[in-house]
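Below, chain A partners chain B and then partners chain C, in two separate complexes.
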Partner chain A sequence: MSDQAAVSTGQQPEKRRKKDRKGRPSVLRLLLNNQLATAGLVIFSLIVLVAALAPILPLPDPDATAPADRLQPLFSAGHLLGTDALGRDILSRLIWGARVSLAVGISATLIAAFFGSLIGLLAGYAGGRTDTLLMRGIDMVMAFPYILLALAIVAVLGPGLLNALYAIAVVNVPFFARNIRGIALGLSRREFVDAARLSGKSHAQILFGEVLPNVLPVIIITMSTTIGWMILETAGLSFLGLGAQPPQADLGSMLGEGRKILFTAPHVSIVPGLMIFVLVMSINLLGDGVRDILDPRLKSGSLTRPTARTAVERKSVPATDVRGEDAVLDVRGLKTEFEIGSSVYRAVGGVDLKIRKGECLGLVGESGSGKSVSAMSIMGLVPTPPGRIVGGVAMLGDEDLFSASDERIRQLRGGAVSHVFQDPLSTLHPLYTVGDQLIEAIRAHQPLSHASARQRAAELLATVRIPNPEERLNAYPHELSGGMRQRICIAMALANAADVIIADEPTTALDVTVQAQVLSLLAALRRDHDTGILFITHDFGVVSAICDRVAVMYAGKIVETGTTEEILADPKHPYTGKLIDCVPVLGQPERRLDAIEGRPPVVNALPPGCAFAPRCPRAQPDCLQGEIAMRDFGPERGARCLHPLGEEGSADV
Partner chain B sequence: MSEPSQELAAQPAEPLMQLDAVERTFGGGRTLFGQPRPAVHAVQGISFDVKRGETLGIVGESGCGKSTLARMLTGLDRPTGGRITFEGEDLVALIKSDHRAVSRKIQYVFQDPLASLNPRKTIRTILEAPLIHLLKLGRTERRERLETLMQAVNLAPEFLDRYPHEFSGGQAQRIGIARALAADPDLIVLDEPVSALDVSVQAQVLNILADLKRRFGLTFLFISHDLSVVESVSDRVAVLYFGQLVEMAPARQLFGQPRHHYTRLLLNSAPAPGRRNLDAGDAESELPDPFNPPPGCPFFARCPAGTQICQAEMPALCPAPDAPEHLAACHHPAGDDRDPGP
Partner chain C sequence: MGLYIAKRLLAAIPVLFGLTIIVFVIMALIPGDPATAILGSYATPENVAKLNKDLGLDKPMVQQYFIWLGNLFQGDLGRSYTLNRPVLDEVMERFWATLILAGSALVLCSILGLIAGVISAVRQFSWADKLITFIVLIGISTPSFWLGLLLILAFSVQLKWFPVSGMYAIYGGGGPLDLLHHLFLPAVTLAAVATGVIARLTRTAMLEVLRQDYIRTARAKGLSERRVIYRHAFKAALVAVIPVIGIQAGFVLGGAVYIETVFQWPGIGSMLVKAISTRDLLLVQGGVLVVAAAYVLFNLAADVVQTLIDPRLR
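And now, the complex of A and B:
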């Protein structure tokens, strides 16, 4: 690979990166999209602003008593919110009180976050005895009811706002420690920590330089959701007379003072009560919004939730009456797009696939070529938004799947068309036995009693050659090996006599000997049940083991089709040739592996003409001019290439 | 990585690293109340030499202990039995006295390139860490070294200020290789360095590795489950099964005339373009229970040549009658009875 190639490949992601930044909504936009969080943000900012400006606002002294003006009602002259039992202006006390409550709540949160996170980080990173010791200490703190503990601390330290602050901080330390410990524990077992160790970093450098930056978002999330709670607790202690001492105003103590005259002058307690409610509510709404944005599990980059089925917005519908003679599944002109931000990714740009009864069609390509999206589009499994099907038909027998009703698709999923995915551990539900999951799959489509469904499930396990099927029905997924789990998934796909099985890299995660077992099982089942298989893989070795025909995919298009033998012996498209050549072959260790230079194109900015041209050694100027049609090389044999392999002359110019 | 260095294999090379009956047990011991805890023997009594300048391939399926072995060889884990020596010194003692000294000599390339890069650090910070902590280089020296490193793995220097998520798997793995190379080590342990990559990218990375090995005179320990990849890179190959070394030989010999039946099964079940029927072996049998290992050969349940002695007694690692370098732990090695050799 030349340096030039490295530089040119470097520029491509550069361009893409800029687009991506534009494409993904900014944090603020995501927050503003959440209306409740926006409301929280506005109210909270307003309260903070007013509280911060208290010294310069034209307010009367909050602590100045005026017995003559005591218990003035709301909206009385000079006192907008009236006065309390000592004649102090309630509005002024409210603003100054909110200032104190906010300061105490926020500082308590910071203190608790600092010490709690430190304990959590240490416990999670060190593990073993240190972890046990620290966490049992934390457990002891948690074993007391929090208010009791806070009372005990204040009782020891004596009443006062500062002591209440310490008490609340201590009470909340376990909350941070437990949260952070869990995250730190997971991070400390990650490979990049090992890598840092091998780079010569000391434990302290790893803990604060490698682990902490990854924990920070969680600390912020936890803080944003605890501040409100802390303000409530401060108010609680002040209400009991253990926090702010008279004459200092704070929301809790105002509430406590108003309690005695609740029936004669309700406004004295209702006003601070409302303030606490509004303040805590706004913080919680904002905190939830911040959590939704920062939490990686909730981060989808999309502003709405995906629907149960891919949206179909077809601009072009190919004729559905031209019946492919014996095809059980016939996909024509399938186009699927993803709209992310302002850019449109044309992941699948017009794909034709035909699968006959009992036939196995291999769909081969590099990652990002669109093979999985094509397969998922068939049953509408591509998440919308951002995905949508914009063209083509998928004929299952006489039925166009893209115009079928949602209910019909639900019946067909796992029935006539079923899927086997790459990772069986994430496909199976970890909390149910494999028997329960199989029985559910059967009963969703067939009116069988539980007992007969169980009988059928055991038969299915026997079909996929699992020993002791009756007993294995009671096993949980984690109790089985990877190969066994994948067999369960295949059994599930077979449960309702599927016409077509869509298998997305079903053996990639398996060991070679297990892979051979699963492949021979799939081949046998296909013969016995006459099931068509769409087999997605990147490995030409696997293709030769199971597939009758192959479709090679590149940048969202099928670039070559033919029988497995023809394609392996005589590839026409240069991409197919390269893809076969870069695989090391057993028994030929001397062969220099022929790497494909560069990277696949980004599907939101495809070049006109052949997408492979920039990486193709045979590319000519005409390759980049306009759409390249599939050229026939025989019955069911075609390649989308103007200068195919084995056709010299024009290529050597 | 096209031509395994034949000249190097022919020379009598001194062993760079020696493993002597290395063991690693997880769990075990006793609980607070004296109950014995179950123990898993991840690696059991493995002995071999790594010669300076060679590529030693280590093959095995998941759960055979190859990653545990790799972690012990790089000092990330310690053996519970046996001895590992590096250049004649005890590795465990060396790590205890100065773990940085070990990291200067032995480095590691991880299987999952993205997981091994801290998502919140730029490539520059990641690659500078070994230069600062292991080599104690100054600012200008670091800048020069970073440039050389990026060039060595064929990446543009602009990439230095980007974050890991902006890279494809192949590029990320090249950064992982650059990091391993940064401290100028003698031995690099590569734990499945290409199995997470696309086939087209896999070839790029393998070619870069071959090139680096030649330029810097490195010794590679190449761990993989993919036989064809191991065959294309290795001078010698060791096959692990269930934590034990079952066969070890020069690559050509091991792939040409495998003696252990497990190696044969591996070879016959590997898919290859143009191969129609894969040997699925005995489809129903699995690895033995690691908590209750069988007394005899762990492969017995799946072995076509197993007899009574296999069930009762673990076979020792023995050289082939005609090839002293070809070791196999089998009571009935393939090829010996039918073809006694010249």
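And now, the complex of A and C:
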């Protein structure tokens, strides 16, 4: 089991990486990014090439003075960019100067990268005291304003290009040390490093053979983001007269000299400044491109802003006039998919859910079965991008939620339909008191004054049995226990007398005793307020405690429905049977708990037929032959299975 | 809360001590003999020995440090040999000019950076986002000293809207309005790069926050999108941005060296450049120490503000 887990976690990131490189948020943006990075690369290479070829280019001597030709304007004969105060050709000086600036910037980057990475690797790998000592030193250096430290170093070493180079390199060491130390620290706790250690490799071998290759991307990212700075700063020191000394010239010192005649001949200083700008800009463009590719956080569109509501692009719309007699919420044919890059994940593939007044419907399945996505689709809480609703209706009374206006959805959210989420710590805003958050929920829907909303909030806390409600209103979420936080979330869901509460694994993050309390609280509230509940869980133990009816979900489809008693007593779908077998029963310690072997399928390329078949012990060849229809086993009782449990003979082959 | 601030203040003390050590060590590392450096290479050995004794340079390093530190506590940073006046007097006089310049640049870049970053994140991929991203990229890549020259050419020489240099007009100057008039261009120039950095970071922080579970909760409560973004997301993003504003204080204080030189602003930066080229090392030491201490205090302020916003840190 653990072997299998290790293998699969080892493979997964690689697979994901392949997928993401092809596809990110929008093709347009990717193209734009790439174009900018490409432009940066082209310009940078061009500058490097010209600078490198300076000795063989037909350029006048950059240091040859010609007093008669001084301060020639731009585009004058023989001097494309004019001449400076001593009559030297600016174009030639520009190319030679760029050569110096580039050499200095690149050398400084390499020096800083080498020493910074070494310190970072050592600190991260050794950990403990070495780490503390090295990083305190780095912190100390970082307590200085960057440029000031460089100035102090130049002050000590004396002005000069080489000294400026050292100074800039030294002040950049901490950036590398910090970034690399963080990664190295994480890596040296990983299994493959332990394995290398056990196999008898020396520290140096591990550090440079195992850890270094893994921090290389970070080193490259840091280099690509700091080299522009380093060129700027060395130019700055030269500008101040502390870097390159005449007759040697880099771009910064050209600018510094030109400044003295700014008003009479502005081009002498503007041209080298423009060159620095173009050079640094090209490096930054390239650096951004490199970072986008290498930084995992920026991959797979993890940084696209989700819209306020899930996009609805329905291809199929079931009839909305057939009303389920007494349902408060009636979802039919819901299809939700995620478009990530070039692949489409059909997370929900046509789901029907019906909740009556005061009824609790359990939506059960493993993680990845699409149950949360189904539930979040109802009020449009699936993030777009990448999610979108492509089919179905969700009827709240007579209203189709998928065709309602954004403003109408806002009114209904937290009003007629409210939500309770899984992890109460991450779902409450950490920076506001629970009172503020409750009052906000109340006042979003009721025209109450702040004082009376606060009164109401305290009452709500009392309803969910929180002691000293007045006092608790002033607490921040992190000051409360998990169970307490979940009660706050439930209180928030009750704030505006909802008809339906959608509870997405509300007890999963809680420990067992608190779980029981929260469940009985929900059950009592349902009785008292006649609220319908859509209860999402993977745990049949929880289902038996609270749900009237159950819908079992697998790979985006409902595979079995029925009342809780029917399903617990007589599951038809083998998947349901397996899920029920996962529940421990009090007083039966000898009962075998079967984990379901294998994993739920990825929903971008589902095979035809039953998605569970590959994991199903009762699977037959016909299971994979085509869409399997819901088979009726009674009123509101059905299963999507050709060889249901209890129909022996056909199974035992 | 008060306790936390007191703790942070106490924690800043070792950092300040660390600064004094680094500054001292850097100065002690100067190659060659300081006495010879001061007296010139033609000084007699007797004079050099005497000066070494007067300067306390014949004592062990550690002892020298504590003597120096003791003097520092008494406000004695030595005497500038080029200006022939106490270093502390010169440094404090110029420090205010730098503080005014750096402080206003910091306020400017924080406000502009936050606004630009939020617009960019909220209207992600819109023309406004692309424009801001592009301007930010230009801002980050522009050498500030060159930008200063361009602004002088455009707004002082061509348009004559602002004075070319200095802090006050020489004739009939003085007063806050005159100061503002002189301050505008240097402050804008100094703020340019930091604005870009803060805008970029704000954009990323906002985008990250907008994916958090508590934002989904805010939406599930039926709050308006405005409220979700400006009340819920912005506050959380601010917690991530404030430490970076603290770091930008360092870049702004350091960048002041260029800007003060370009605009001939009578601050510590322009003083340092002069002191370095004349090798007036005591003046360099004093200037570096004061600016570094100011940076520590800026960061401390950022810490305190962050704590005010984030109850988890209390």
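FYI, the second predicted complex is superposed on the first by the 451 of 653 C-alpha atoms of A that agree within 3 Å, B and C clash if a C-alpha of one lies under 4 Å from a C-alpha of the other, contacts with A are read in each partner's own complex, and residues count from 1 in each chain.
In this text, a contact is a pair of C-beta atoms (placed from the backbone, for glycine too) under 8 Å apart; a residue touches a chain by one contact, two chains touch by 3 or more.
Computed from a prediction, not measured in an experiment: that's the story for all the values here.
In the overlay built on the shared chain, the residue A:Pro383 is in contact with chain C alone; chain B does not reach it. Once the two complexes are overlaid on the shared chain, A:Asp131 sits clear of chain B and of chain C alike. In the superposition on chain A, no contact is made by A:Glu399 with either chain B or chain C. In the superposed model, A:Asn214 lies in contact with chain B only, and not with chain C. Residue contacts after overlaying the shared chain place A:Ser544 against chain B, while chain C stays out of touching range. With both structures placed on the common chain, the touch criterion links A:Gly200 to chain B but leaves chain C unconnected.
In the superposition on chain A, contact is made by A:Arg599 with chain B only, not with chain C.
Contacts of A:Leu521 after superposition: chain B is touched, whereas chain C is not reached.
The interface of chain A with chain B does not overlap its interface with chain C at any residue. By the touch criterion given at the top, residues 26, 28-29, 32, 139-141, 143-148, 151-159, 228, 232, 235-236, 239-242, 252, 255, 259, 262-263, 266, 269-270, 273-274, 276-277, 280-281, 283-285, 288, 302-306, 308, 379, 381, 383, 410-415, 418-419, 421, 423, 426-432, 440-441, 444-445, 476, 478, 489, 492 of chain A touch chain C in their complex.
Partner chain A is touched in their complex by these residues of chain B: 1-4, 61-62, 71, 74-76, 99-100, 103-104, 107-108, 110-112, 115-121, 126, 129-130, 132-134, 151, 154-156, 158-159, 166-169, 176, 179-180, 182-183, 198-204, 206-208, 225-229, 231-232, 251-252, 255, 265-281, 283-284, 286-287. Those residues of chain C lying in contact with chain A across their complex are 15, 18-19, 22-23, 26-27, 29-31, 121-122, 124-125, 130, 137-138, 140-146, 149-150, 152-153, 157, 204, 206-208, 210-214, 216-225, 227-228, 232, 235-236, 239, 249-251, 253-255, 257-258, 261-262, 272-273, 275-277, 279, 281, 284, 288, 291-292, 295-296, 299, 309-312.
Across the complex, chain A meets chain B through its residues 1, 3, 6-7, 10, 13-14, 17, 190-192, 194-202, 205, 210, 213-214, 366-367, 465, 467, 481-484, 511-517, 519-521, 538-545, 568, 578-580, 582-587, 589-596, 599.
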